[in-house]
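The chains carry the letters A, B, C, D and E, assigned in the order they are written, with residues numbered from 1 in each.
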């Protein structure tokens, strides 16, 4: 179980101030909704939480049983899906999951079951991602984010491009995982905002 | 004014049947909503309408004053925005629009006004697209689709990644353009389905 | 003494020193045997220039390493400044060397290993600046440039040791004759002037370097104030 | 509905390529550095003294074109692959005529190549002691060769970008386009080096021009297929 | 939460590179086309009898490596550049340790180079009449040279991918660093050609191996900085 604590996180890009001091924490079993209009810094904030971007000010800590983790140890605990993150289009859905499972040291995993939980029918598991529809790609991306049972799950617009059924499945996934992971969801979708136990609004 | 007539359009990819004979037309002043779950063939259908994909069966005709247009003459009439279509990330929003305006032979156009209509503040017009948020990119993509006043507008998930305000602006754009263009919107979003005068459901 | 007057007097001292060394090199140092006319006097400038270039590249290395450890923007400024000065002095050494080569060997350029090595050195640091120019983001620019500088630096010993060993065999007569002649005929007065010139040029480098770093520091402070 | 002229469209594509390169702030201002680096890499191995007198015209001409060919490949190979990798091809496909895309990218490559030649060739002749008897002949060969290379490499780059799956055969198709051209330009350069007569380069020049012409026609006919399907 | 071993991760990255390349063959086509074209054109122009006897071992070795060198440069940078172009770098950055990425991509580039050498070298020897006295020595030099080459190219590829992805920049950054290596491998090839003794290649081999070793260690230390920042 990992808790992510962020204090006074601020970010500027060149002259533009994007985040102006955000504090709070992600706790296991809870979902934090990060809201705000386009360009308000939601994705930037998640990138900082993931350690992909350095904040201009403030800091982020990962705490496991009150022990502070080194940044190299953040990655194994993390699952991330985001719009600016693509999987490999030359590889099939299955090969993509297999690749990420290998990278994360997950051995016995039933990729097919996970893909079906996310609503991707078996007929598509062995097609290259380049031939997938937008919603099908999004499902594989989500499967990639959760296949190693991360303790910290950062979902940026998780149901972008998804249909009604997809929406429900993602909601189901979040419900299933909330007991074992600290979850942050950045979203523009009013339906997703309802998932949160807490929320941060980056507007203004 | 262009009418797009499609008859019994079907598409298979390898063994998989994606579209099974769709007929109908896009008429100026009307919005056709193309609905259906993920992977049902909405984008494939729009690609066929745009002449980017050849149908396995059936045909598509562009009629201008009852004259059938050659396929080379489709492109100048067309405006397209789609999730699998990216603009140039090294170029700024403004440069991207300028490029597409030149390619389409549009001379006197106020790109800034168009971007602002779509809710992209002037401060961002001269930033490279690579530094844009997902919603900001989507707005530029939409601006690119309409800047040459197309007679046929194909919008695939037009408000993907957009916030509430963006949604409203896209709805406004469609309303403004419906008098001069034949519009098709492929969507998973219930709110967008309400825009249509007619709809095709590809489910099943 | 306050810091300012101290610095000012150092500057004057450096000026006098360089003037003295130049005068000694051109007028006082005895003629060396084995050279065409007074051409050997170029050594008093050529060698210190080459030395300062090497010194500057070492400073660049240290600053790059420090940047990667501490991520202080000032270290990046230090690295860039050192690389720029190193490049400048390497170019000067090449020019004086070519003039020397024209007089002694009859050609401006011979692809002798020395010449070749310095050209590669010039290319490497020109590449360093091309890389810097190609990255817009400041932090990333600094980190990538530092990584490249360090990586490049470790290949340099090979440039100096491997290359001449293989290449001397190609045209040994040119190379060995020239180098042998100089090594043996260095008399004490000449050595003194050369050491003086080395010290003077090192001082010149130190002055230029601190000046540029100070300017950069002031600019950074002003920008920080504007942003706040 | 508006229509742009083919010329305007081609220039727009060219402008975009130039702007992207400038934005990446590399190719254009570093072009000299690239030329010099490549040259030194070769000159360094085979200096002016490394060659027996009778080998010089052959070898120096061949080496010069290896360098230029490399420069062309390094600069060009990415123009189309990048559009596919970054998913920008669809927008371009919809907005520009295929031929405008071909011409725009071709012009860009041609400019790049001519600029490179302008730097590389004189430097190479100086550094390698390559005495060219007919400067006029050399210039002719360089310009014609540069143009033919730009055509071929642009077309080949387009093929490589789309060579997945069923198009794999195309890559092999490129070989017979490139090979005779390289042979002809080397022969032309050798002729210019060996004889003060401008006429001496004509046989090779004729080969270069006709190969370039044939490739250009092939490219114009086939490019729409390669690009759109 | 699980952890994979570095080896398993590296192999996973390698496997992914191989699978992707087999499906699209961009790097393979670019490299192969350049190498085969120049090789055949040069062979056609110079041929087995075109060079003075005393220069042959040196010139033929130099020419071989110049071709290999430029061919490789045209394709090796793609491993990192395409991840940035296709926006896949983020997922990889999150899932794999930096060193696994380095090792996986390095191995892939090494395989690419060895494949290239396996095709080009025998072809070259046959076409140019390059008689190599110690085949074992040549193989050693080729393998060690290829490995050392792959290290520097892969590292520089990682840098330019984060700068702009320009191939010209890749050449500018990589060539000067590769020149000492080029000198050593040419010397080694010449030694293998000139003497049936395996021992003859050892001095050059020592230089290649130590250069490869030093750059490898440096790359390992610096790569995380390049990859994650």
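Everything below uses one rule, namely that a contact is a pair of C-beta atoms (placed from the backbone, for glycine too) under 8 Å apart; a residue touches a chain by one contact, two chains touch by 3 or more.
Note that the structure is predicted; figures quoted are calculated from it, not measured.
> Going by average Cα coordinates, which chain is farthest removed from chain C?
B
> Tell me which has more C-beta contacts between its two chains, B-D or C-D.
B-D
> Among all chains, whose Cα centre is located farthest from the one for chain E?
Using the mean of the C-alpha atoms as each chain's centre, the farthest one from chain E is B.
> Taking the mean of the C-alpha atoms as each chain's centre, how many Å separate chain A from chain B?
29
> Between chain A and chain D, what distance separates the C-alpha centroids? Give it in angstrom.
45
> How big is the gap, in whole Å, between where the Cα atoms of chain C centre and where those of chain D centre?
Roughly 38 Å, centre to centre.
> Return the distance between the CA-based centres of chain D and chain E, expressed in whole Å.
Chain centroid spacing, chain D to chain E, equals 24 Å.
> Multi-chain contacts in chain E: which residues touch at least two other chains?
Residues 23-24, 86, 163-164, 166, 169, 172, 175-176, 179, 183, 229 of chain E touch two or more partner chains.
> Which parts of chain A, given as residue numbers and ranges, touch two or more other chains?
Residues 54, 84 of chain A touch two or more partner chains.
> Among the residues of chain C, pick out those that touch two or more other chains and give their numbers.
Residues 120, 123, 126-127, 130, 134, 139 of chain C touch two or more partner chains.
> For the complex, which residues does chain A have touching chain E?
Spelled out, the residues of chain A in touch with chain E are 50, 52, 54, 72, 75-78, 80, 82, 84-91, 95, 99-100, 102-107, 128, 144, 148-151.
> Write out the stretch or stretches of chain A touching chain B in their complex.
Residues of chain A touching chain B: 13, 16, 36-39, 42-43, 83-84, 119, 123-124, 131-136, 139, 157, 160-166, 188, 190.
> Could you list, by residue number, the parts of chain E that touch chain C in their complex?
152, 155-156, 159-160, 162-164, 166, 169, 172-173, 175-177, 179-181, 183-184, 187, 204, 207, 210-211, 214-215, 218-219, 222, 225-226, 229
> Sort out for me which residues of chain E touch chain A in the complex.
Checking each residue of chain E against chain A gives 1-5, 8-9, 11-13, 15-16, 19-20, 23-24, 86-88, 90-97, 100, 229.
> If you look only at chain D, which of its residues touch chain E in the complex?
Those in contact with chain E are residues 21, 24-27, 30-31, 33-34, 37-38, 40-42, 44-46, 50-52, 54-55, 58-59, 61-63, 65-67, 69-70, 73-75, 77-78, 81-82, 85-86, 156, 160-161, 163-165, 168, 171, 174-175, 178-179, 182-183, 186-187, 190.
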